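Dumping the structure here so I can ask a few things about it.
Chains here go by letter, A, B and C, matching the order in which they are written, and residues are numbered from 1 within each.
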Amino acid sequence: MRHLLEEIRHNPLLWLLAFVPAVFAAQKLGPERSVLLFILSVLAIVPLAALLSHATESVAAKTGDSVGGLLNATLGNLTELIIALTALSAGEYMLVKATIAGAIVTNSLFMLGMSFLLGGLKHHVQEFNKAGVRLQAGLLLLATVALLLPSAISRADAQAGSLLVPKLSVGLSVLLIVAYGLGMLFSLKTHREQFVSAEPGEAGEATWPLGVALATLAGVTVLVALVSEVFVESVQKAAETFGMTPAFVGFIVVALVGAAAEMASAFAAARKNRLDMSVGIALGSASQIALFVAPVLVLTSYFIGPRPMNLLFWPGAVTLIVIATVVVAFITSGGRSAWFVGVLALVVYVTIAMTLYVLPPRTQGSGGPITHDPVSEASPR
Amino acid sequence: MRHLLEEIRHNPLLWLLAFVPAVFAAQKLGPERSVLLFILSVLAIVPLAALLSHATESVAAKTGDSVGGLLNATLGNLTELIIALTALSAGEYMLVKATIAGAIVTNSLFMLGMSFLLGGLKHHVQEFNKAGVRLQAGLLLLATVALLLPSAISRADAQAGSLLVPKLSVGLSVLLIVAYGLGMLFSLKTHREQFVSAEPGEAGEATWPLGVALATLAGVTVLVALVSEVFVESVQKAAETFGMTPAFVGFIVVALVGAAAEMASAFAAARKNRLDMSVGIALGSASQIALFVAPVLVLTSYFIGPRPMNLLFWPGAVTLIVIATVVVAFITSGGRSAWFVGVLALVVYVTIAMTLYVLPPRTQGSGGPITHDPVSEASPR
Amino acid sequence: MRHLLEEIRHNPLLWLLAFVPAVFAAQKLGPERSVLLFILSVLAIVPLAALLSHATESVAAKTGDSVGGLLNATLGNLTELIIALTALSAGEYMLVKATIAGAIVTNSLFMLGMSFLLGGLKHHVQEFNKAGVRLQAGLLLLATVALLLPSAISRADAQAGSLLVPKLSVGLSVLLIVAYGLGMLFSLKTHREQFVSAEPGEAGEATWPLGVALATLAGVTVLVALVSEVFVESVQKAAETFGMTPAFVGFIVVALVGAAAEMASAFAAARKNRLDMSVGIALGSASQIALFVAPVLVLTSYFIGPRPMNLLFWPGAVTLIVIATVVVAFITSGGRSAWFVGVLALVVYVTIAMTLYVLPPRTQGSGGPITHDPVSEASPR
């Protein structure tokens, strides 16, 4: 507890923890005030995600390299996973898919672009380890291609195989998780030396004792789950009030909120001219979403939620993810960066955000935002 | 005047200036002879573009590096801009968009491919400055991605957001122009040394005195505007006679005609084994279209023309531009070239030209070529 | 004959030759047993393809480098060509196109991925000649772009130009063959030194005398043609029984069967740490399909088959080929490989196979597999 309090004193981000009780109080007092609940829950998730991230690293630091790496790799996107699971059990498939797609795009374009910009403002030209980063950009490219292929192929003819889509989604999810397991074997075991140490908790930073870390991990996970529930319940109405679509909320808001802690680490590393680490955090996080979080959500949907979720994304999401990974593959392959490279990645990201804000996918002129994904999810259980 | 005459004596391309008075004479005598007017105006634009280009360089050479670079960057595609503005005020939106898309594709695939081929026929393998060119190819890739995202995302569902498209187009245009400004800050100021001197007017070539250059710039701009008017008026009928669609005319004819002067410089540089310069001219010109000319046209459309123009391109154009930039990013990233690389870029270009000639976009079987872009431009002012 | 028998004794793959007479016997005895005929013909084609490949190399080895290279380049995909020609004369256009698209995807993703995996299991990190491979990956990228452009452009509007598509297809086929000829001039003559010796028949392996080789070439070609006929006749019914679509059969089964011999060479080279050769075989074979086999089939369709075939592929095929070539361009451009790179290429390939197996293209809910490509082939002769 002392460690926790000390951490809170030193890290202003954690002062936002005051919003956690505020969320629950507000929910009790005014459960119909969606906009307020939405804002409070967003503000409460940010510090919880930071705590979760620090606790994971502390456990990882205590348990040795291999188990630690495994933990970091599995729990690194725990916040996004919990939010997506909450949305899943509420049947908000569009929000779940937007969260998956948005986490890939935000982690690659925004986190990377901002790292390049912040690093570039301080250092004229930054070089980074080309070979390691190339490998990671390659993993991301191939991971997202594997994730998106079914959507891309069936795009022209969405109805045709709709009865077969759930079967295919389960098969692909298993395949992706196997690939993810092999990827961990590769990066943590057989080809460890190729990967830069991308762990945010670098030497010199205080880690917590194992007990504190585990207790924090458990407690904060419960809190994130509870706050996520408020968030998912309120998001629909709040989004309508702000004129945002669920696609925009999932793609941009959830992705930015969930990755706040990793971003803080990535940006700090970039300013210290350690771009290897920034790129490692950004790309590692993005490919983890594609290879691990997405298939876990599909498989879990058979146990929670009104009906199974499939792996078909709406065409716009496919295009965005493909563009994001191609852009990332390109800008990281040179091994050099300057501030303007960051600006252009951010311009692409802002373009995506503006377009999603203005042009809701698949509204078919009905005006209001949609939550479900009628065609691809219409298949009976 | 003496300078101008001397230039004309030395540059056979400028003998085509004889066609300028011919255009106006023909328009007076036979305003209904569209095919003749079309051919004459094409032949007249070529030397005017060359003069415009030389005048811009002369002014740039006199005004010092920073202002000069700014001028070159802003006026480098003046011919295309004037033609597009004339088409805009005539309400020929399809032609305007085809000109934008075609200038990007032609400058990257044709200008680059022909440079590689011509250079490769003289030199076995040509190396070029990988880092600088990579940066430029990256700018082009990101610029076109930012330009095309709205079309790509809204592709599946063109009607949905049509009411919001104008708003989005204005916002994106401002964003692109800001990015362009930052790009100039980057290439002319903060990271100047990374960019090869891509100015066609190299040392040893005579530049004009400032007065002559400015007068030429002003006079020729007026002439290009006048000839463009004849061109835009006649193109529709002439295209029908030749069996060309406006898409083909804008994509191929206008782009080749408008870039004739830059091509001459790029090809000459390639033969002198200065591929850096060729690549710089080609890619710089292409990204200028995407980041500067296109948004300026959108913003201008609120002041001239029957109704505002948006940034939505038809799906085929999106595909072509994406393919062109990916091909360019790939072939330039190696830092080496040989004649066959040029051949293949040209094969891709000829394939595009043949396909556009034969398959008009969006004719829906009606037979005749279309000029307007019904869906995307249907939004009320 | 002695050479042939000796070869058969040493190469267990050739023991499958026993299935050749079995096919003909089965066809005589039970022409209606499609599933049996399908399996037997697949098993018979594999050793015939291996013989064809060895005979081609033997002829090439005797006729000197230039003619030999030409022969290898022309007859390297003879098996696929014969199968496709047989399918063409039976009017099975969907199967022909699936074979073309599948050969490109299988040769690039599967052959390359498996080479990287097998090589990587034996060698920690494998380096390969970046420059040469880059050039080949570039050729493949540009070749497939040129092949697919018409499909990509006309995708949005399939009916529009249908009357013009045959004309365009012939023009493009001629263009592609010219490009292929120039490519041979480039790789065999002007820039020979840039290309790794990608001939499977490496030094030390016994080649046959010219007479034996030529006789084998002729005889086996006839046998492949005969077996192909059984294959094409039985595939439709057999595919239905197995629940496979013609798209899946062409894309995966024919491609794997036809390339069996080259794969054996590529995998062996990878295990010997000669990745240059593996990559050369895989990419060379893929670009030969795009630049030579496909256009030859289009031109031949004017002489055999019920009506001309065009170059329009269904949208899913376009997406798959583009993805495959981009993935290949990316993973080969680094010049380094490890086992996991192979795994990920294979994951992408398995994803494609699963998706094609489950989601038939263009069935429009009718349930059964389709053989023809109604829209694009509907044009009158």
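One rule holds in what follows: a contact is a pair of C-beta atoms (placed from the backbone, for glycine too) under 8 Å apart; a residue touches a chain by one contact, two chains touch by 3 or more.
Not measured: the values here are computed from a predicted model.
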| item | value |
| --- | --- |
| Rigid-body rotation angle, subunit C and subunit A, from Cα fit (steps of 5°) | 120 |
| Interface residue identity across copies subunit B, subunit C - same or different by half | different |
| Centroid distance [mean C-alpha coordinates] between subunit C and subunit B, Å | 40 |
| Residue numbers of subunit C (touch at least two other chains) | 326, 333 |
| Contacting residues of subunit B [partner subunit A, same complex] | 131, 134-135, 138-139, 141-143, 145-146, 149-150, 152-157, 159-161, 164-165, 167-168, 171-172, 175-176, 179, 182-183, 186, 190-191, 194, 326, 329, 333 |
| Subunit C residues touching subunit A - in the complex, by the definition given at the top | 124-125, 314-316, 319-320, 323, 326-327, 330-331, 333-334, 336, 338-341, 343-345, 347-348, 350-352, 354-356, 358-365 |
